[in-house]
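Note that the chains are named A, B, C and D in the order they appear, and that numbering of residues resets to 1 at the start of each chain.
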Amino acid sequence: MVIHPDLGSQLVNLCSALLLLTCFAIIAQRRLSACVDLFALQSVFLAVTAALVAFLTGAHHIYIAAALTVVIKVIILPRILKAVIERLNVKRELVLNINIPSSLLICGALVILAFYITQPIISLGFLLTQDSLAIALSIVLIGFFIMIARKKAVTQVIGFLVIENGLFLGATAAAYGMPLIVELGVFFDILVAGLIIGVYTHRLQDTFDSVDTSKLTGLKE
Amino acid sequence: MIESVLITVVQMIVALLASPFIVGLIRKVKAHLQCRQGPGWLQPYYDLAKLFRKDVVVSTHTSWIFTATPYILFSSTLTAVLLVPIFLSKVPLNFAGDIITVVYLLALGTFFLMLAGLDAGSAFGGMGSSREAIVASLTEPAMILSIFAVGLTAGSTNLSTIVHKTALLQGIVTDPPPHLMALAALFIVTLAETGRVPVDNPATHLELTMIHEAMILEYSGRYLALIEWASALKLLLFLTLISNVFAPWGIATERTPVWMAFGVAVWLVKVSGLAVLIGLIESMFAKLRLFRVTDFLGLAFILSLLAIIFFYILRG
Amino acid sequence: MASALIILIAAPLVSGLLSLAVRTRPVMERLQMGHAAVLWAAMAAVVAGVAAGDDVSFGSLLHADALSAFMDLMLAFVGGTALVYAVGYMGEKLSRGPVEFPRYRRFFVYFDLFLFAMVFAVNLDNIALMWIAVEGSTISAALSVGFDRTKAALEAGWKYIILNFVGITLALFGTVLVYYASEHVLGVSMEALKWSVLARAAGSLNPVVLKMAFVFVMIGYGTKAGVAPMHTWLPDAHAEAPTPISAVLSGLMLNLGLYAVLRLKTIVDPAVGPEFAGSIMVGLGLLSMTIAATFLLIQRDYKRLFAYSSIEHVGIVLVGFGVGGAAGVFGGLFHMINHALAKSTAFYAAGRVLLRYGHKNIDGVTGLLRQMPLVGGAMLLAALALAGMPPFGLFISEILIATGAYDKRPWVAYAFLLLLVVAFAALVYQVFRMVLGEPKETGVPMTPGGGRFTDFALAANLVAMGYIGIHMPGFLRALFIPMTRVFHVLGEIP
Amino acid sequence: MFFDLSWIVHWGLLTVVGLLGIGIFLPSVFYRNAHVQNFVAHGAAMAGSVAGIALGIAGLLAPTAATFSVSSNLPLLTFQIRVDPLSSFFVLIISLSGLAVSQFAVGYVREFEARYSIGTMGGLYNAFLLSMILVVLADNGFFFLIVWEIMSLVSYFLVVTEHEKAETRYAGFFYLIMTHVGTAFIIVAWLVFYQQAGSFSFEIFRHPPAPIPEGFRTLIFATALIGFGTKAGIIPLHVWLPYAHPAAPSHISALMSGVMIKTAIYGLVRVYFDFLGGAFPWWWGFLILTIGAVSALLGVMYALMEHDLKSLLAYHSVENIGIILMGIGAGMIFQSYGLPHLAALGLLAGLYHTINHAMFKGLLFMGAGSLVHATHTRDMEEYGGLIRKMPWTAAFFLIGAVSISALPPSNGFVSEWLTFQSLFLSFQIPDLLLKIILPISAAMLALTGVLAMACFAKAFGISFLAMPRSAHAREAKEVPLTMRIGMGLLAGFCLALGFAPMVVVPLLDRVTAGFTGVTIAEKIVAGGGFALAPGLGIGFASISTPVLAVLLAILIPAALLASAALGGRLRKRYTKTWGCGINLKPRMEYTATGFTQPIKQVFDMIYRPTVKLETEMLEESRYFAKRMRFETHIEPVFQKYLYDPVVKVLQKLADRVRVIQSGSLHVYLAYIFVTLLVLLLWVR
């Protein structure tokens, strides 16, 4: 089956756009479990995008990446996070560093910024995925922003994972995926990192009776 | 060589003999002004002779510094005198030191005198030394500068060269304003360095006012004689400086015996005149408070400085 | 030679895995001492091989050029002494009671894995695989930082994890961008990620992409290297981690971060010219020095003190490479190894002080020289070295860097010297307060078992530090010449 | 020549480095016996110093400079050594002082044996000597910096020998920081050279491939002045000196004050006359001269107010550095106006004073050390009457005091007189301002000289004369022979330098000739070799210290004989000093504070004294005081208005910066985020 390049490109762009949209949804969401769900959704879109690229380019190793994404980011990590939420008994985030409307505005600005920054190098990319790089950068920045704007450890982890998603989008869409061994290594690392964060969150809860990271200000000058 | 040694010895003897006379002269003038007869002309000589023969009383608190000081003071002052032209414009020892050397030789004596003042452990001696320190520190820069102002005309700080050159010009001063200022400065310095009114009063032993007398309060007998003689020599030295640097009229510029003898006579007249002037001043003015002395000596410094500035400005 | 490289990399991994099975302290001690010995021997072989002029490689995966060998030298030497030190330090903790055997064992597992990840990272000839190894080191260190289960240690660990994971992720984005640039030239393949290939093709890569990639990598690995303003995790982690870990974090991990940045710089420079990366590095370097110098002034905790000093030195190295040229590059490299030695020595000494007094308060420590002559002396010498005093190598490298800077941009040299002086004053003030004077507290003396190992580690580091300050050994110079070539320094080293 | 000078230079150098090197490490070997360590350390130092004296003299006489070089593995760094007249002269100074001070130290360090590690102290001592010698021999900027910093560091460690005292630690820290700041400026000077000449070799500094532009020359001038000036202790960079020099053990103070600060003079002469050579802008010399005059005057004035004998001596170092700089500054001015003979004279005067100061300041510090050794206090108000307990120390101290007060026929007099002459010869300069300024600075020099005399009258009088003022002084004993020999050596050097200027001047002429291109020795040495006449052909003035000494030596016995002739045998009666009817007590003696009271009052503009008087009256009457408490301080102007504000600003700044490390993870993340965005935008 041959798909017209324009169509393929538009499909990829569509998926990327959906990824970006879920970011905004996460920003707008106070409930933690909903955030996790949205992250899982985003990961699904990521997997779809990766599969699309794999299909359109014939780079089959990207399928594996897509599959791993599904396994790790759609299934394993959300479960761990949910378990943590369950155990810690924190349902929603009431106080934010930056309130939701402003957050949304800022994220809009970040998207514009990302497009502005990547504009000079976009022409270099493959025709199929030209805009994905900008979107990937937007997602990275938004994920970063989530980490700054949110207080709970869990949301910070979600922010971190969103950054990872953006990064993967960049890797698969813009660069047609990294070599397989690299992908595998990266996934392994992310998995371990997620585990360790989970462990630490537990310990934090045990020691501080809270996962509100804004209260972690004992060490300062 | 022998001639040089001879002249040096003669100069030494002349100065040694003349110095008590000058002291006596000042006393005489003051006595006259106070409508007194006063002691005789030879009284200072008698005093010295008597002091030399008397026993000395030495404090048990003192050290060898106390005993050595009179000799060091006497000989350093005498050495300084040998560097100053008295009757011959080019003294044989002129190569051995210039005006700075003279100033520092006198300082050597002062230094030991200050130590001696502290040596006995009495508060008076310490007070005298302490006051001597401040007076000396204010006079010496002025003295060096004032002589230098004159030295500029002659192109030398060597006293002999200065006097010789001026003498060859028949004492015609080429730059009168700087010379006058320097003269005034040097005169003030003379009053201060030799412990005269209005800086110090050699005739008093009032504990709160004395400076020089306080330092030598513990001395007696032969030691006191040497010190008194050294101060007389110092006075003479300054008067000689004033007269021969600013008015070297009549001084011998060649080593002929007649001229030199004439030189001695003229010099005696000149220093006697200055002594009379000092006697007059001592009678006319009151002693200044210690902390007013600063202003007085500051004036000397400024005058000598102005002398140098004027010299350069007038010369362009 | 390739086998030596394999042994060098495998030794920590094997040792770490074996540690899992150890049941008693003497066995652990012997295992780790053996580990250290193997590390040193293998490193010596690798360094000798590379110094002789041949890069050591194994397959297409591992490749040790001069720069890698230089990093191996640092990692293995300091890593080895750190192991010896850790044997003493953790043994002391074990015998005193706060650490029970399973945690004692776990410590060494983490530690060995940490070393493994670092040694692996510097010998990988692949930009992306290197990233994986660096990430591995970040993860293994994360476990060690929070090893003491105090509130402070947890907080420090959390901050370390979050900031470093974010940083390392940004670095990966940068890596992706490099690939984005290189695959157009070298094709979609592993080749496009190999350092050696990239270095050859550097000139033909897209400059704008590389610029962006460098920004990401600089910030990403810069976080790991403790470059201001990404340094904020560093003082916390260094202060709260067990001291052997602090020493390795400061002496080695920061250099690993720098290594990653520098590698990329060698790719970026031919493509966009040296000015670009240089400016960023000089700017961040001076900022790091400024921040570190001011915090040194107001520091009250001696471990944090040395941590800030590390930030300062990372700044110095950045300035050195930023200004470039023979003097700058040589100075930067020389600074890295000297700093690794001096800073680990300082931390070893600090650890002993901590064991003795049980607190990290500078005000509470005096008279070290009287109470613990070796420890106090080591701290004094290390502090002097860190403050940039001869006869230690840091003085030489600082002068070289200043020279390089003055040649290019005099104001950089002025700022550099000014900051050095401030940092000197602050560091010397703080350390001398502790070292001099009469001791206040008696504290708890070391048991002979722990003291022996730590003393050895201190002495070994001191000797090495003193030696390369006075005389640069021939093999080191043999490494430096090709290394400066890696950094495109043309012409003779004067 | 009977022997080969270059052979002596070669082997002298090796011997110096070898012996002092042995002295660094060998003492630690005998760690069991502090006594042996003491002998080994200071014996090695003495042997090294003897070799150094040979090296210095041979280097001064050698027709050409000798260079030695060992390359290093490091870029830009060569261990290059050059033995030329200037460095030889300073090697000679260091070694002469080193010899005497090491001898002194053998005895002095004895009392440290129980409490301190003599191996460390002795090793550092040797390292100190060696580093100073290498500083003046170094012929490569990088090498120079290394040994310069080592010298600073080693001297720091020696200063804080007694680090259990808080004020010693403070003094040491202050010193280390100041000297490090100074080094930073020297580094800048070297960097400018490097940038212009492309090498750190002094040979290239001397002869850069292209002439260095005027702006850069000025930059070098200024940075070298600040850099070396800090070490030399010129005002206002002198603040560390009165703390550090007294805090050190006295033999170290002797070396620091006598010799170490001279390495800064060496640096200035080296940079200005050797590297920058040729015609300076006139204001360089003028600035040096002014700084010199101000340092000299303020140095002595602050010295007057000190009652701590060692602080007093430390301030005198500031004074004497000022005097040295006045000579050098005058030389530079003359150089600017193309008067090479006068330039040589000024420089020669400065260098002459340099060696003189090394000798008498070393002597005085050893004297002070002996007093501290005997009384265990540095406070002059607790001394008194020591001349009877310690006659040798007193005699040596007196020689030092006469020398530093520049009283004829001492060595201090010769060099100050030469400085006076070079200042008065200013009438040959075609510039009215300078013509007037130079005599004014001569007047300042005169004032300085007299105040120094007053100060040493105080120091000697209060310490050694009259009655003991404390139990310490009453129980004092003369110091051991080893210490006395050390002092005696320097006293002898002082006298020799005073009586034999005609030997010293031709040697110094070899130093200055290299920089001014003219030799003046045969013109200066007049009167059949017995007089100095620096008029340089115009017969300006001359002195002859040997003749003066002979005159004094004849006249003093002559006065004795004459008074015996006039008054017969001397009969002495001994009695107590008259105390106005009550027994004289030490408390009634004049104190050091009282002695300087008039000076304080006269110069209150400078001292800004603060007086605090608390009177507690009797309950019964307001007219009778029960207790009075009088406190007076002089204001440390430079510290208060120049240094304290800088420290305060830094502290305040650091306090503000605290906010950066707020502890909030979100803020930390924001830093990274913002940096990322800024850099990305910048890249685009």
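As a convention for this text, contacts are C-beta pairs under 8 Å (C-beta built on N, C-alpha and C of every residue); 3 or more make two chains touch, one makes a residue touch a chain.
Please read all numbers here as calculations on a predicted model, not as lab measurements.
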I need the common contact partners of subunit A and subunit C, sorted by label.
D
For the interfaces B-D and C-D, which has the higher count of C-beta pairs in contact?
B-D
Averaging only over C-alpha atoms, locate the centres of subunit B and subunit C and give their separation in whole Å.
78
Would you mind pulling out the distance in Å between where the CA atoms of subunit B average out and where those of subunit D do?
35
Return the distance between the CA-based centres of subunit A and subunit B, expressed in whole Å.
101
Using mean CA coordinates as chain centres, what's the subunit C-subunit D distance in Å?
44
Which residues belonging to subunit B are in contact with no fewer than two other chains?
none
Among the residues of subunit A, pick out those that touch two or more other chains and give their numbers.
117, 120, 144, 147, 156, 213, 216, 218-219, 221
Two or more other chains in contact with one residue: find those residues in subunit C.
158-159, 162, 166, 170, 208, 212, 235, 295, 298
Chains touching one another, given as label pairs in label order:
A-C, A-D, B-D, C-D
Quick check on the complex: what are the subunit C residues that touch subunit A?
126, 128-129, 131-132, 135-136, 139, 142-143, 146, 149, 151-152, 154-159, 161-162, 165-166, 169-170, 172-173, 176-177, 179-181, 183-184, 188-190, 193, 206, 208-209, 212, 235-236, 239-240, 295, 298-299
Subunit A-touching residues of subunit D, taken from the complex the two chains share:
658, 660-666, 669-670, 672-673, 676-677, 680-681, 683-684
Which positions of subunit D touch subunit B when the two form their complex?
385, 387-388, 394, 402, 405-408, 413, 417, 420-421, 424, 427, 432, 435-436, 439-440, 442-444, 446-447, 449-451, 453-454, 456-458, 460-462, 464-467, 526-527, 531, 533, 535, 538-544, 547-548, 551-552, 555-556, 558-560, 563, 566-568, 570-579, 584, 586, 588-590, 594-599, 601-602
The answer for subunit B against subunit D in the complex is residues 49, 51-65, 70-72, 74-76, 78-79, 82, 93-101, 103-105, 107-108, 110-111, 114-115, 117-123, 125-127, 129-131, 133-134, 136-138, 140-145, 148, 151-152, 155-158, 161, 218, 221-222, 225-226, 290-291, 294, 301, 304-305, 308-309, 312-313
Spell out the part of subunit A that touches subunit C in their complex, as residue ranges.
59, 117-118, 120-121, 124-125, 133, 137, 140, 144, 147, 153, 156, 160, 163-164, 166-167, 170-171, 174-176, 178-179, 181-182, 185-186, 188-189, 192-193, 196-197, 200, 203-204, 207-208, 213, 216, 218-219, 221
